[in-house]
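Could you have a look at this structure, given as structure tokens, before my questions?
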Amino acid sequence: MRLIQQAWTVAAKDLRSELRTKESLNAAGGFALVILVLFSFVTDPGETETLYALSGGLLWLVFAFAGVLILNRSFAREQANDCLDALIASPLSPAALILGKSAASFVLLLIVELPCLPIFGGLYGLSQWSSHWLGLVGVVLLGTWGMTVIGAVFSALTVNLRLRELMLPMLVYPLLIPVLMSAMRLSTVFISGKDLEADDAIWLRLMIAFDIIFTALALALAEDVLVS
Amino acid sequence: MDERNFTFMFYGLAAAWAILAIYVLTLVSRERRLARQVEDVKRILEDREKK
Amino acid sequence: MASRSNPAVSVAKVCKYFGDFPALHGLEFDVAAGSCLALLGRNGAGKTTLLRILAGLSEPTEGKVTLLGFGARDHEARKRTGLIGHGIAIYDELSAAENLRLFARIYGVESAEKSVQEWLERTWLHRVQNSPVREFSRGMRQRLAVARAFLHRPELLLLDEPFTSLDDKAIALLQSLLRDALARGTTVVMSTHQLREAMELATHVALLHRGKLAHSGERPPEMLTDPGFLYRTYGEA
Amino acid sequence: MRDKLLYAAGAAATVILIANLHKILLGIPDEMDQGAIYRILYFHVPSWFTCFAAFFVAGLASVMYSVKRDLRYDVLAVSAVEVGVAFTLVGLATGSIWARIIWGIWWTWDPRLTWALITCVLYAGYLMMRQMIDDASARARFAAVLGTFSFASVAITYKAIDWWRTQHPGPVLPIRAGGGKMDPEMWHAILWNWTAFMLLASVMVAVRISQETRLREVEALRRRAHAI
């Protein structure tokens, strides 16, 4: 219980500072928008069939890139005045710190991701995109949590490295492949306006298992990540 | 032995052996570099302790 | 050092290795409750490493550290300990009051708002409490950092080079606060180069040399007038 | 003594490999459709088995470091990862040359190939991150976290590929369900080559362990030199 309460304190602090400066939100949001527009040159915007088939893949690539922009800031924010030391030396448990950081990035990333869905659907005339919106939002939530919980751990690991901005995506993307793979598949199904078939259920299970396994690992290893 | 695709089989086996050989060579070069580093550090330590 | 009955800090056979390099080696000493220990030593002697272990930022490779009867990483130990480290550890985007409220929540301070207001007043920041810290001058930020460390009324205060980066006003404030705290029975451990400021407060000294304890005991009276005394006596042992 | 043992083991591995080569080229019956090229299999399959074993050891050693905080586990982990990457490269190269003849292409996004590539990139990132941390203890701590995450992700990705439609030749090895079509003589040749590869890999790991240990000592000495 204390874990949740402490994590919430950390998350609230992060969200408050970020909503005040909007540094990473602006960067990630602007970036996502530019890619969505640039995509019109990849394929003829009239070819709805192709667009439906590519939709999940494109969206999750955008989300993954935007996510790294947000995650990079997550622990870098603590660096300026050595705030991280003060947090680790405080009664906060390392697990709560990682969980809170992850939750804050989760919310920030959702703020970027959710508007991308109608923008994408609208720009490319994919009239079916919202027909299964509940499932689509569910996929976005599960996929984003997988990204941010791993991202929080590696944001902490890489924060003091040379070439931090390079190392984070380099380490995190290959780890995220199972969750991105499932999220892409399922998003494509939902955006195309289809129901989940028996074959697709396995991807849903994979994504849930991935989230559970890596949340557990992140909490278990939090002490190793933060206490030297 | 069946002679079809013999060249490509040869390439395949050669590639396997070559990669392992290259790795062994990197091990050897690392060994040399390590020996040099040990020498360097020893010299520095001796220098410092004399002072 | 001093009474063995109930030491506030107890360091038992502590070693800390970075790889194979021993940064601390077989440290063993106690700090009696209510005393003020000045950790002395050259750069690289292990002062910061030791303080980081006491602050729960780092774990000893071998040995055990007990703070106020709890393990160094225990929730209770962390809650009763205050830290002023190298950085000021406050958030630029938040206001002074928000910074203090945040740490009051983290430390579970009772009647938080009252303590926050009290400390803002004691550090002369109550007039600007709602402006973001980014707009503060250097001195104001340092005073806020001091307020953050004292906010939860710690029973043990850890200070790493506290006087090095502070301006005169902040030094005076910190010294008077430390004197109050010591009078209340708080234990203080500080590492320092500014011997003059530290010696007025220190009741005990410990000298580290290459990761080992070269000397520890009560502060020799000579050090008040001659801060270099200890270094000359034990320094190059 | 240790060195002599290592030389002996290395020599034994080489002798077995050459004896196997003789048998593979001259003693073993032809496969019906593929011609000579199928003999690559005798190197391809054992190299995969060896890399699985190496990554398994690396994953285990990473977890053990987090639990025991003993630098010997860290040294074992990095050595196993490096040797594993070398054998993954052997697997990729032989597989790619085989695919050129049988499938007519050098590379295909066959899930198993994709898995191997992802694994390679992931562990390359692991080795890269180690380069960037100077303090051996911090390096070990971070590498253990990355190693544990990598192993979990690689295992999940491997599972996920079974659910993807696969172009890879189906399971023909007796240990896999539904296999057993293989001539026992061929199977024995594979096992013998695997034995040789494992022996070779063990020698390489042992050499790397001693190098890595000495490197750490050098780092410590250098630090001491600066401290004086």
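General remarks:
Letters A, B, C and D name the chains as they come in the text, with residue numbers starting at 1 for each one.
Methods note: contacts are C-beta pairs under 8 Å (C-beta built on N, C-alpha and C of every residue); 3 or more make two chains touch, one makes a residue touch a chain.
In this text the structure is predicted, and so the values were computed from the model without any measurement.
Listed by label, the chains that touch chain B and also chain D number zero.
Set side by side, C-D and A-D show the greater C-beta contact count at A-D.
Distance from each chain's C-alpha mean to the overall C-alpha mean is smallest for A.
Averaged C-alpha coordinates put the centre of chain B at 50 Å from the centre of chain C.
Remark: chain A and chain D have CA centroids separated by 32 Å (rounded to whole angstrom).
Separating the centre of chain A from that of chain B, both taken as means of CA atoms, is a distance of 41 Å.
Across the assembly, chain D contributes residues 137-138, 224 that each touch 2 or more other chains.
Contact residues on chain A toward chain D in their complex (touch as defined above): 150, 153-154, 157-158, 161-163, 167, 170-171, 174-178, 181-182, 202-203, 206, 209-210, 213-214, 217, 221, 224-225, 228.
Within the complex, the chain D residues that touch chain B are 21, 25-26, 30-31, 34-37, 39-40, 43-44, 47, 83, 86, 89-90, 93-94, 97-98, 100-101, 200, 204, 207-208, 211, 214-215, 218, 221-222, 224-225, 228. Those residues of chain C that touch chain D in the shared complex are 17-21, 44, 61, 210.
By the touch criterion stated above, chain B contacts chain D in their complex at residues 1-6, 8-9, 11-13, 15-16, 19-20, 23-24, 27, 30-31, 34, 37-38, 41-42, 44-45, 48-49. Only residues 6, 9, 13, 16-17, 20-21, 80-83, 85-93, 227-228 of chain A touch chain C when the two sit together in their complex.
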